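A short write-up of the structure that comes next.
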Amino acid sequence: MIEAHDWNDECGVFGAVGHPRAAELAYLGLYALQHRGQEGAGIISYDGRRYHEHKKLGMVSDIFSASALRKLHGASAIGHTRYSTTGSTILPNVQPLVAKLRQAVVALAHNGNLVDARMARSVLEDGGAIFQTSMDSEVILHLMARSRHPQIERQIGDALDRIHGAYSLLLLVGDTIYAAKDPRAIRPLCLGSLPGGGWVVASETCALDIVDAGFVREVKAGEIVRVRAGEPPRTVRHAPADADATCIFEAIYFSRPDSHLFGRANGASRVALGHRLAAEAPCPGGEVVISVPDSSNAAAQGYAEASGIPFGHGLIRNHYIGRTFIKPTQEIRDLSARIKYNPVRDVVAGRSVVVVDDSIVRGTTVRKLVAMLREAGAREVHFRVSSAPIIAPCYYGIDTPDASELIAAGSDQEAIRKLVGADTLHYLSLAGMQQAIAGERACGFCTACFDGAYPVPIIERTDKKILEMS
Amino acid sequence: MIEAHDWNDECGVFGAVGHPRAAELAYLGLYALQHRGQEGAGIISYDGRRYHEHKKLGMVSDIFSASALRKLHGASAIGHTRYSTTGSTILPNVQPLVAKLRQAVVALAHNGNLVDARMARSVLEDGGAIFQTSMDSEVILHLMARSRHPQIERQIGDALDRIHGAYSLLLLVGDTIYAAKDPRAIRPLCLGSLPGGGWVVASETCALDIVDAGFVREVKAGEIVRVRAGEPPRTVRHAPADADATCIFEAIYFSRPDSHLFGRANGASRVALGHRLAAEAPCPGGEVVISVPDSSNAAAQGYAEASGIPFGHGLIRNHYIGRTFIKPTQEIRDLSARIKYNPVRDVVAGRSVVVVDDSIVRGTTVRKLVAMLREAGAREVHFRVSSAPIIAPCYYGIDTPDASELIAAGSDQEAIRKLVGADTLHYLSLAGMQQAIAGERACGFCTACFDGAYPVPIIERTDKKILEMS
Amino acid sequence: MIEAHDWNDECGVFGAVGHPRAAELAYLGLYALQHRGQEGAGIISYDGRRYHEHKKLGMVSDIFSASALRKLHGASAIGHTRYSTTGSTILPNVQPLVAKLRQAVVALAHNGNLVDARMARSVLEDGGAIFQTSMDSEVILHLMARSRHPQIERQIGDALDRIHGAYSLLLLVGDTIYAAKDPRAIRPLCLGSLPGGGWVVASETCALDIVDAGFVREVKAGEIVRVRAGEPPRTVRHAPADADATCIFEAIYFSRPDSHLFGRANGASRVALGHRLAAEAPCPGGEVVISVPDSSNAAAQGYAEASGIPFGHGLIRNHYIGRTFIKPTQEIRDLSARIKYNPVRDVVAGRSVVVVDDSIVRGTTVRKLVAMLREAGAREVHFRVSSAPIIAPCYYGIDTPDASELIAAGSDQEAIRKLVGADTLHYLSLAGMQQAIAGERACGFCTACFDGAYPVPIIERTDKKILEMS
Amino acid sequence: MIEAHDWNDECGVFGAVGHPRAAELAYLGLYALQHRGQEGAGIISYDGRRYHEHKKLGMVSDIFSASALRKLHGASAIGHTRYSTTGSTILPNVQPLVAKLRQAVVALAHNGNLVDARMARSVLEDGGAIFQTSMDSEVILHLMARSRHPQIERQIGDALDRIHGAYSLLLLVGDTIYAAKDPRAIRPLCLGSLPGGGWVVASETCALDIVDAGFVREVKAGEIVRVRAGEPPRTVRHAPADADATCIFEAIYFSRPDSHLFGRANGASRVALGHRLAAEAPCPGGEVVISVPDSSNAAAQGYAEASGIPFGHGLIRNHYIGRTFIKPTQEIRDLSARIKYNPVRDVVAGRSVVVVDDSIVRGTTVRKLVAMLREAGAREVHFRVSSAPIIAPCYYGIDTPDASELIAAGSDQEAIRKLVGADTLHYLSLAGMQQAIAGERACGFCTACFDGAYPVPIIERTDKKILEMS
């Protein structure tokens, strides 16, 4: 299970061109991508003459009032929703970023993380650059500003040639969007076509669905695509790319179950993970399979199907919990586990319960869940995890704890079982996991958090606060 | 399916005594009862000397900041969360109500609806009463104020003797809570005991769970219970009650699946409804059973289990939708159906899909869902409803459309099937529905919305605006 | 000098009928009356069918946005601005009050204070009345509700017959305003006519000026006037009144200098006070006369004129100070005196300075001012007060400190001089003060704060919190 | 008279070092400088390790809550209050600006206006600079970033060598403030010493008074002063400066009457202007002298003294008018003149009134005032202006209308008299004005708005929106 604030995708991006209400599409798109980041969001539109911007901390549906949307005129727009707004006290870190370069105003929305941003900033500052935010994405704008090329497309290429890491990037320059992906295609980014003409670009296909756009294709590794009304998306640069290394965790947890990645809906991949898990780690005496809603619903369904053990809704999740939920004070602290989940006694009491979860990060919430199920009468609690043990942090745009806090980095399966208090505990194997997701298809995965094999060398240990001013 | 703003419970209530942070328990309790009303909430506490109040429009987690909670001192508190804040321009209609009577300040939280409030107001006004809100609950305070009895407990009895309808009521008088239920026990209300001493009262057992309180019992029909620190809850009046007529829809839809009612978890009742539905209305060629998440998940599971047709997550629901979600404008109106649900092509494409839903009110959203599933490639769409047709409005505290807008009030099953565009459509029978929920137990149900048999005579047609000033 | 929060008028009222934008007139009127109360304001309008209300804590110009004003439809409206919003935690105390009586909805705006509100509340509660605020004005509504008379005009009369104290009252009943004054006419209230037809009623004539209304007359002692579009204001009751006892402090300090009272502009009265003061308490060696801006500007001008000593702007007042000004913390506390006033060295250095102030309440700020002037180089500081010593609190609608805190209640002139550190200090005599204001005219004054002769017997010591719930 | 939004100083700046609560001093200082700009304000502090910032649109007392101030830790701070927040839709234009240069984080607060900012931006953009605001002050930071000098003091010098115009500048670099003035010393900026050690720098001496700081001296033309705890302010650069050309309008209107400039309190200068005006433009039949409060109070006093005509408070100003005051709608538009000023009939009726005002910009409000006085019964209205006719716009930091809108740019005295409807109208002569302010002292004035003689050549016509992105 991904515990709150433990393992979070940092961003979702969305762009639209050639639609009279581009900002409204961006609003719907960001809303569909809300799970990728809930701390802040912004949209910038261009109406042929002027740019319009609205960005704020909070959830998409709170940020954009009808009147705010009305003011975002224009047929082209990009938007961004972010998980983390690094705690700088003096700089605003909500995207899209906007800046005036000598030829043009450029707005930028970035999902991912650069591995050499710190070094790049330092070099740029030596050259007289002034930084106004602590976001590594700002480096890209400065590199563009320093390019010798008069043409904006070449400036983008110049800038991307100089940086390394994970990036799925949208740049709005007037009525044109440039969509770019890093050479290993670490984060998803796809193109879609609007029924009445016009194009969209989004982090996930679920954002295409909500605006009724048809899926065209993923942006390719190292590609820069020009997206503009009245012409098909055109590749303006195709960098020599290595083999794809797309984040496998997008399929396991981050992306929505109705989004397509690696050739099918993530929901289907998760059912397959459950099937495989049942084969690798059966639970002979299990009497009921339960999920940790909602993220492991599909995997639990798969486990139940393959194992023949009936499924039950054994944990009820309260969806009304907001960003601002007040934690109870000392006196009633021990109740905190119940705020998000409530066990259903009728389903678990007296039974041998198989809990299927998608992953374990720190393990603290798992321990509470196991205890809660026992309190509710579960005779036995068997924990099954539909992914491999997480042993290494992500440096490509996911906000993760240090290795020292990853329960599987320092403990083997038996030790973890004891820590969380389960009767048995089993992870899916790395190979099984890859096979379950790829099926017959050839997929290039980044599995760094499971095996430490980083496809792009880690130059700097990313620390959210590292770029802040001191 | 209960479509937004169509069929909504009006309120949840929660009270706590004998706990140093009573208001914090109320906060957790209201949060667990948030599904019963999302438009406003309030808590009033008493610290032995003074009352403290905080109430506002909005969701529980937005209304109560840490500092707001801190100010709600005291060991006794009641809270209320409401669905509807009737659009009066001059009067604040968020509960708990508070008023100074000659002996005491009294705060009141009410779930339900009086059937003769309008008449009672008119009589009271003739006697010199001044009304400050348009809530029918205010009548109860005026009746108490006019009672000849010097004792507050007798005043409550006097007041309740004079009104008719559905009420599950909490009255906070200093450090004491009086909990009362109407003589037909239409709305739920239960007592719980806190582990460290102290008592709680709540609309549903899920609110007991979140504060770690043990279930003691339901308040009985016509009963007034005095709940006070340091003594067991004591019945101070036991009105001659008719047979119970508890709202069956609480088990079908309103109450949370983890709350207990009619002797078991509502989730278990819903699975049983699914089993029965599969028996009454099988779907021989069905290839996948899907639910309309989250309210029909359990019924769909039951249908899948009993029918042997595999379950699939065919619709993904976006939980980030807030109260303030901006509807897209004209130009992109046809996309609106996708905002709440997105079909998963991999699950439904090319298949004969059995959609299990808990109910149909107006039918408009059902039609959109069916169309959306067909667009996503479903070969056939078979609709199965795990309750009987709704043919009559509720006058006991549920906000319902007029009979003229209830699709089943004017159309038979075949006409409804055509309207929503399904290949087949079947409801559960009324008898089957009652049996599935009662099982072997003797339950007194109110089934008025299914058969028009109102257990308390309807004196006035309730109209939310009818009590407003003119 | 009236020190902040020491001696404050509690309210201003304004009403308009027969103007298509009555609420906008009320807005302008309240803005002109802002000096009578800065803590909260409200307007209620009636559009022939419905009432519309907007009230809030804060300043008039902050409370009413363009959109708030737009919603206050109708040709009749009353408004209220109040100084004090008694700190009740559970009850909203901003006026106008509104309540539904059996015949009609009535809105009420009240300037003044009842001397027997507490007793009246207790009697009413014994009769079954429920109070929703802690404002004594609510008593009036309850007395109306209990009147046996079917006619609203008689109900008002009945209610006013039963209460005692100071009240200048507006009642909005549909499209009619009833304006009433207590039998001693303690607080001002005047009628005006709009150029295009329609009538206004206001606490001061400056509120007539701002809406271009002509002054008609003061409402008389004990009178109830019916003000309605299309007919001249009509006296519906003329209670047997004693001699007028209008608050003399309105002319000295409370009312605006451009408002007319006692037959001329208050500014002219204040110049006359200065003349008289120069005669009674000359300052032979004085070299410059300065005022404590802005309230004593006119008196200082009068003193300078009559004494021949030149006037100088020796203290500059910062008008940007708001209600929310943050006091500096401990470390810089000694600077606090400078926040409101700054002495002008060029004007006072090396000179014998005559400071003319309108009154002294506690004396603490006077002491700081004297010290500040000496620091700025004043050779001598002579204090002259253009009113008599204040020795008794007001019970008729002014928020005053207890007698124990009134510097002149316990000390003679010489003791006060020593306390504030002036070289000489003189008050105007009570007789001189009355003569200066009345001139040749016959005026009935309330001078209770100067001589303790209360024109209406004080039944209860008013304490702002006394009516709060406990 | 300076009509609202016609002729406004753009900014006030304040800095403090060596005081444990530097930000609180800045708060008090900005509050004293509020008249220099009411649209937005900000403070940045440095605590030895980190910077802390708070800036917002609005008035100083609304922007800084107690909790906001508490977070501004540190012993050094600078603040800024601005008049105008140029309406860019995408860039935040509230100062202090902050940016990370290669050696250091630098915060900047600027009062004045550069005459070549546009050109400088364009050159910098060609060199790869990215601009994030449309404020010309940002140019200074970019010039510093591009300086070859490793030392921050030299970088400041380098940057200031390259720009032209009016600037009184504060730069916060860690615990040090650099204060700089342009070579003609157009805007004021003075140094003060705190009683307990530590230094302050402020636009006017009134901001020194409020924090109890002693006046040390004005920053000199072209000087850069380093201000740091524990050492006396040290001149780190003294640019070859031309003769001073300090804005004479600061003494006439902009600066507070209690601030010292040109060797004495501005109030004293204004009295002298009144004396001179009485000599140059007597009004033989005048019966009462009135001011347009508060800005012409001192000049009117001077005129009354010198002419022997008695002074009267003939216009009352409402100080409660806020930034957000809603203008009345069409129907009551003709009332708008009364919102700010109300004439006092007792003072003006039947008399020959001499109105003394400090200046006339567009003339529209003067016309309304004259009409208002006649309506209030003035027999004759004689207008006297205590400065020379304004014929040219300011390019040095004052927000002025185009020459085409300046009434005196196109009309002679008699034409203006007719336009405003006065019986007679006279301006003070330019020579008389300079003499009245300088007295025996040698003062270097900028009088460009009176004679068009611009001390710094105007390279670009400043337009507030000119730097916005397009």
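A, B, C and D label the chains in the order they appear, each numbered from 1.
By definition in this document, a residue touches a chain if its C-beta (ideal position, glycine included) is under 8 Å from a C-beta of that chain, and two chains touch if they have at least 3 such contacts.
Worth saying up front: this structure is predicted, and the values here are computed from it rather than measured.
Across A-D and C-D, the chain pair carrying more C-beta contacts is C-D.
Chain A and chain C have Cα centroids separated by 62 Å.
Mean C-alpha positions place chain C and chain D at a centre distance of 36 Å.
Averaged C-alpha coordinates put the centre of chain A at 51 Å from the centre of chain D. Contact between chains, as defined at the top, is found for A-B, A-D, B-C, C-D. Within the complex formed with chain C, the residues of chain D that make contact are 20-21, 24-25, 27-28, 31-32, 34-35, 38, 59-62, 64-66, 69, 206, 209-212, 256-258, 264-265, 267-268, 294, 297-298, 301, 305, 310-313, 316, 318-322, 324-326, 328-329, 331-332, 334-335, 338-339, 342-347. In the complex of the two chains, the chain B residues touching chain C come out as 44, 49-53, 71, 89-92, 98-102, 105, 122, 125-132, 141-142, 145-146, 469-470.
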